[in-house]
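Note that chain A is present in both complexes that follow, paired respectively with chain B and with chain C.
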Partner chain A sequence: MVDQVTGGSVFSAQAKTRRSLESFFSWLAASGPKTAVAANAPRTLKRTGLTILLSPVLLLAGWFALSHSGLFPTEVVVPPEEVAATFWDMVRSGDLQRNLSSSLGRLAIGYGIGAGIGLLLGSFMGLSRNAEAYLHPTFQLIRQLPTIALIPGFIMVLGIGETVKIVLVAKATALPVALAAFEGVKGIPRVYLDVADIYKIRPLTRFFRVILPATVPPVLSGMRIALSRSWMVLVGTELLIADSGIGQMMEWGRQVFRIDLVLVGVVITGVIGFTLDKSFRLLERRLVRWRYR
Partner chain B sequence: MLTLSRFRGFVLPIALIMLWSALSHRDAAHSFIFVPLENVVASAREMFLNGELSRNWTASLIRTSSGFAIGSGIGIAVGSIMAISRFADRLINPLYQAVRQVPLMGFIPLISLWFGNGESSKLFIVSLAAFYPMVLNTYEGLINTEKKYLSVASVFKLGRWRTLRYVTLPSALPSIFTGLMQATAFAWLSSVGSEFFFNPGPGLGNMMLNAQAAFRMDAVLLSVIAIGVTGFGMNFLVQRASRVFLRWRSTR
Partner chain C sequence: MSGGAMARLDDDKRSEPSHPGALAIKSLNKRYRMDGRILQVLQDIDLNILPGEFVSIVGRSGCGKSTLLRLIVGLEADYDGDILLDDQPIRSTSLDRGIVFQDHSLLPWMTVEQNIGFALLTLDLPESEKKRRVAEHIDLVNLSGFAKAYPRELSGGMAQRAAIARALVNEPKILLLDEPLGALDALTRIHLQRELQRIRTQNRSTMIMVTHDVEEAVYLGDRVVVMDANPGRIGRVVTVPLPHPRDRGSRAFQHIRDEILADLTGAHDTD
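Right after this comes the complex of A and B.
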């Protein structure tokens, strides 16, 4: 009986080793073509580089051709060079920088507050069974309410000043971050904690060497998703109620029928969204570098 | 003791409701924001009986489902084309990635100037919201088929289309359902949200704006609850559907 059990566990250990070997070889096989590509890198790189540029160049050329074709008035399909000129005008007059800094300021404050609350709430719920039992159902209930749908209610309570924008951004940030932190803490493999217990490491070491590294990756990706979501919420809020900011700039362009201005706004919100997401990804890779070794 | 501890989850909501009603009955200034719950129930009854709730709810829901159908249909098609053809991938992917960086709300002023402020612009936003996650999840699901399965298919000389039908598609199905789940959530959200930015028409978002303009917190709350419950219900339905469709999968 005992033999059977130990035999079973040895067998499963062997199976595990074999599985990990298998996954290692499949990983090797998957990286095979890439190494083959790297062998004749110059040609392949050149080719992919060109095809990747192809569609944006085509889009730009099509846009240019359409705007100058006379099919549509140039106020409706604004030529790309005019959009660039508008952009440059706004940079020189400082309008763009002013709007950018008020938008990004709101984002930074709201995101900071929201991420702080989210991290605290999520890890509290994840670490304490009591906290989970008391808070988690309500948390799940509130999570069903989309931030966008809360805008009118929040405007009624908080008015149309700065507070309401920051609160909305904080709300849009806090819930996904809390969820990520909660699931990150909950998702620590039991084995890690068991091993930590067997080695009888100190609680502080246990926290910094076991719990924290295991939770950092899911929490970071939750924070990244929260960032792009709260950027969307902020732009939407600024479209509705603002006296400054990228969203307000676009809304003004809409009201005075300046499509060039709106297009500048579209490009800038996109570039900011991209930059925020990309820098967060870089941060993720740096912080969890041990994962990629 | 054990039975009592099962109700721990109800403590916080009950405490919040009690706090709310205590605040609502303090004075007029408080009852403006912390509107008495009996008023919310009364206005729910009233709006349910005069058909206002169902009329607006249906309008939002119809926009959601048609936008979802358009957006996810095109999304699945584009995602599959990108996964099947390397050339299409190289052509579409950079464009998709670039356009996706613009937050959905950022397109609203442009769409309103190009396509007007009517229902079709709202539908466009909803379709776009459903389109993004569908493309990504279809593409990734099809691309990430296990190499082993593909080797088996080539050993059996299945051919391109039969491989797609019997190997690639079934293995992509879980990812496609993840996409559908995200698409329904985003479509519902943007359907209600789009009503804030375009011409007023029937819909829950509009009902909420009217309530805000009339300083009727009870109606605002009612709309928020209706939006939350509907979103939850839709998510539940898609989850159920995915469980039925993915029943054949051996869950490890």
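Right after this comes the complex of A and C.
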């Protein structure tokens, strides 16, 4: 349910998911002339503007059929139309907005702090061999700990207030961002630095015109991955300890056996995660236009 | 042997002061320490290159020819012997020496114009003069119209031209070319060889080019230095007394080329 932060395989599985999301989007984006080209190509499915609706509609239809099939009580497999009704009720009463804004508020603060720490820590380790030697092993160790495993300990120290959620989100953010910044700085192609040497580029210029632009793309990808991840960690944390938020709403729904509420939460969580990722991608495209033009 | 080069320089009508450099390499040795073992990369290199001369260096992989260029450009200061440009010892990089690598090494986040201008960043010139020079060199390499393009929008040949423009824009005394055309397809390659020859007649730099391609070496070089491997050393130096533009099909050209090829693939090379 909650992401089990950082095992390599989880990481690559996430990357895979993201890649397939990405191809899904370019697939989505295909229109006009591209579609025509694809249509001519052999062994390629024909795509139209409506194609994008196919899989969501199928999913919905499957859900609808299953809930009305009589195999499960409708209290357990709640029909989609009931979930939609619940969704509207919650929007009208303002419950949804309240929960959503408290979740997104925590995400914003925790992510901001975590990304800041991650950037500083990662660049520091990347730029200084000493920092790398002293910090990197510990960093790798902490990276292997699932954020959720830290919850009990953190509760004991920090209680169950807002702080613990923000700290957990910050932790879930800081590590992937630090790793991306570290590897981004370490991975600057040697030839770019040679070029800066050959033209006698001064240190400050070298930093702003060579090192920084070379690290921006990997750092932004790391920050994007961290954003989806910390969103998942946050919702998971709210399931366990919270008095508000999307996760808490779902947990409450479970306790009072309102599966429709739980499902509203599931859908919202997915849509928010999806939107965050997609928006970040657009931002990346804006900031590193030279890569895509 | 350099008579041709000098005559060409006299023909040059450009108003800029001419400053081709003379390069003297004396008893140059370069060793690397690897896992406690010492690897002799270059052994007793002696070479004098005249101002305005074009010298090609050929040799098999591992003969240290790229290392030699890295030393001349000043990216590595740890060597024994002397490398003197106009009698000044080389210990670090300098705007007097330009280099073009096999991989164009343009900075992908900068446009062609910005990449070429990058070479002028540290030079104390008025902005308008920098702009003028960048534009002039974009024209020199026939990239007009691509000033605002990013490297990924360019073909390999175009990117390499931009790299040549960047290396020439600060008017170095010497231009080093490290297999500059090695990654290009055969046709683009022949085309750019002609371009290099043309650029050379318009530009005053001394040039040293490392290449795998013997024909290219003979086509462009006033002299061809043939290097042997393990340790890297100079095998022989062949003068190419043919006028430009050279005819690859001519008997004289082919004779020189075959002689060098025979040398490179000869019995003294153990495989």
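We adopt the following convention: the second predicted complex is superposed on the first by the 239 of 293 C-alpha atoms of A that agree within 3 Å, B and C clash if a C-alpha of one lies under 4 Å from a C-alpha of the other, contacts with A are read in each partner's own complex, and residues count from 1 in each chain.
By definition in this document, contacts are C-beta pairs under 8 Å (C-beta built on N, C-alpha and C of every residue); 3 or more make two chains touch, one makes a residue touch a chain.
As the structure is a prediction and not an experimental result, all values here were calculated from the model.
Asker: For A:Thr138, select first, second, both or neither according to whether it touches chain B, chain C, the two together, or no partner.
Answerer: first
Asker: Would you check which partner chain A:Phe208 touches, where first means chain B only, second means chain C only, and both and neither mean what they say?
Answerer: neither
Asker: Does chain A have more residues touched by chain B or by chain C?
Answerer: B
Asker: In the superposed arrangement, which partner chain does A:Asp197 touch: chain B (first), chain C (second), both, or neither?
Answerer: A:Asp197 sits against chain C, while chain B stays out of touch.
Asker: Contact-wise, after the overlay, does A:Phe274 reach chain B, chain C, both or neither (first, second, both, neither)?
Answerer: first
Asker: Identify the partner contact of A:Val288: answer first if only chain B is touched, second if only chain C is, both if each is, neither if none is.
Answerer: Once the two structures are laid over each other on A, A:Val288 reaches chain C alone.
Asker: Under the contact rule defined above, give the chain A residues that sit at the interface with chain B and also at the interface with chain C.
Answerer: none
Asker: In their shared complex, at which residues does chain A touch chain C?
Answerer: Going through chain A, the ones touching chain C are 191-192, 194-195, 197-202, 205, 209-210, 213-214, 216, 288, 290-291, 293.
Asker: Using the touch definition up top, name the residues of chain B that touch chain A in the complex.
Answerer: Residue list for chain B touching chain A: 5, 8-13, 16, 33, 87, 90-95, 98-99, 101-110, 112-114, 147-148, 188-190, 192-193, 196-197, 205, 208-209, 211-212, 215, 217, 220-221, 223-224, 227-229, 231-232.
Asker: Given the complex with chain A, which residues does chain C contribute to the contact?
Answerer: 73-75, 93-95, 97-99, 101, 103, 105, 107-110, 118-119, 121-122, 150, 152-153, 170
Asker: Show which residues of chain A lie in contact with chain B when the two form their complex.
Answerer: Its residues touching chain B are 26, 29-30, 48, 51-56, 59, 76, 130, 133-138, 141, 144-146, 148-153, 155-157, 228, 231-233, 235-236, 239-240, 247, 250-251, 253-254, 257, 259, 262-263, 265-267, 269-271, 273-274, 277.
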